[in-house]
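Structure incoming, see below.
First chain written, first letter: the chains are A, B, C, D, E and F, and each begins at residue 1.
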């Protein structure tokens, strides 16, 4: 299934994955090596090579959209943490990330926002943007 | 329950609701007059008077977050349409709205994105931003 | 599959279904006659014959729980309407139903509560508990 | 963005889309022509060209999985109908489709199963597999 | 943003939070001190000061509604535990809480009910209402 | 509530539970002994005695449907693991399970599929179907 003709999408996606998620992105791809290596390739190709590489919306807005959606859905905490990193990597301030998550209380309820804030807090601490407890 | 001391929040919220949602916001508030007038007041006060009036995140980014979340949740089409209007009202281009919704295919699946696109399409047509069918 | 030994559960369930949902319950069961008659039987037996017939929680509290859950899930409007009828049939006031739904804004977001209120409004009008528009 | 090198994926996907969804698939693609033509292309390429074209799981099992998931999620009725057609097109019997949907009562609740059954019923009638009402 | 005119809502909310959630409520508010202190204030003001302080529905019914909704949504276990405490604090028996959660099997599926029961079990043990394992 | 007339359903369900879930099924039933023994009985009777014992859909297809639905819902990881075991127990290959879960990226988003794959991986390792890390 590994069409060599798709190399462009993979390479473009890999660069975009590095730009947004850095090491965390590499770890997600590596974590799939045993169970579903093709899925690792799809993640690079479709979300990053096709979607996030599109013109028409800046990367900062794209990451704001993802942090909002994952907070609202509330069932993907590991991915939310990766994208809090991503949002900070492409230019969001810690405050902007916190504002997006707080706002989800209105659209998905206070528990979803609360759990999103705790996920963000662990990322902000890891990056030294909040004092350690 | 109608604390007169809260007038500031209500007035600030009403102005913000007008700025973001315009007539569509007024219609939501009016539609609640019979069934739950206090809920109409809460919508003005909390989402608009408290949350959307906060500094720290620009209104355009706030509406991008809402369009993303409502597309991903997939169970609030009328509200998604109101916020597609809202996003356009505060400075998003039609293309940016479409990009946000398309991106949700990655995080909430293709059916959610597809239904979001059809909701956006009806708003864009209504505003003359797409040719009528 | 139609174990005659299960008649007790079916009869107990049917009486409970009538008590809670009245005609609306009969219509749900009849609506399944062509597509899945066994599923109609299961609805009578398990939710009504087993669960709703249990001691330990009064019917009014059971219907409050259902109205809350269906409002929060947000993807089952027809069933929410049936259970707004059910809540009123077993002793909830219109105000209590509206309070339960409004409260869901906190736990599942304002759009879920808003759509729940509109569903309740149509039932309340149908029963003459709100003036016709 | 329309990499000519991706023609293989698109063509493979288009053939698979025709095999599974027939005319209904064509209509979905055409319906996106105005609002998001690139998204139409992605639907052909990724879900059909990449995923559904993979060996390792037969098409009938793939459609059973989709009907189950869309019934459980409960917020994508138009797509559920398309995939009830799809399941029947690739060899599921009407009874098998109904069994899959009924089973979802266990995993996603009776309302989700009920709404799934009504969606399936409209498709089965359209195909003459149930008597018209 | 901290309108001094809102003191009434905050104080009324704080008393209600103590009445319902006791220490667990205080811990939630404190846990937000670093990441989002304003969100802690909103939790006191809106859910507790505005909503839970409303007349028209008794506190026991309110907590039954919350336990039902959080069990059904299935993505907020920490908050479900807080509200199992809350339900017990305002007069629900352990049996009533268990009945509400079991009933969610009908509306949100057996897995949601099962996970809700395990969350409740840990609270009931903590309060000495079940024998330690 | 323990109708002796229902013994047939219980015994049929218990045999089916053993056939599908083996020891993991027994553990789920035992885990409910303290908190909700009647719920343990319902799980045996309705999902296994009524639904999974029905003719019209083979067990392998039933487990494919469950793995798909639980991956898509994304809020029931323990149950997903039980049913990955179940799918393997009734004849699915490891590859087929992985294909079903990967396919959910299309219908419920990449995070849901990713978390499903990690749940499956832990089951496959436990059964020696993947090398230990």
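Quick note on the criterion: contacts are C-beta pairs under 8 Å (C-beta built on N, C-alpha and C of every residue); 3 or more make two chains touch, one makes a residue touch a chain.
Model, not experiment: these values are computed from the prediction.
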item	value
Chain pair with more C-beta contacts, C-F versus B-F	C-F
Identity of the chain that, by mean CA position, is farthest from subunit A	C
Remotest chain, subunit F as reference, centres from CA atoms	B
Distance between chain centroids, defined by C-alpha means - subunit A, subunit F (Å)	30
Computed distance of Cα centres, subunit F from subunit D, in Å	24
Intercentroid distance (Cα basis), subunit D paired with subunit A, Å	28
Set of subunit B residues in contact with two or more other chains	38, 42, 46-47, 51, 54, 70, 72-76, 79, 98, 102, 104-112
Complex contacts: residues of subunit D adjacent to subunit A	1, 3, 5-9, 38, 42, 46, 50-51, 53-54
Contact set on subunit A toward subunit B in their complex	46-47, 51-52, 54, 56-57, 61-62, 64-73, 76, 79, 95-96, 98-100, 102-108
Residue ranges of subunit A touching subunit C (in the complex, touch as defined)	72, 104-112
Subunit F-facing residues of subunit A, complex	28, 31-32, 34-36, 38-39, 42-43, 47, 70, 73-76, 78-79
Footprint of subunit C on subunit D - complex, ascending	73-75, 98, 101-102, 105, 109-115, 117-118, 120-121, 124, 130-131, 133
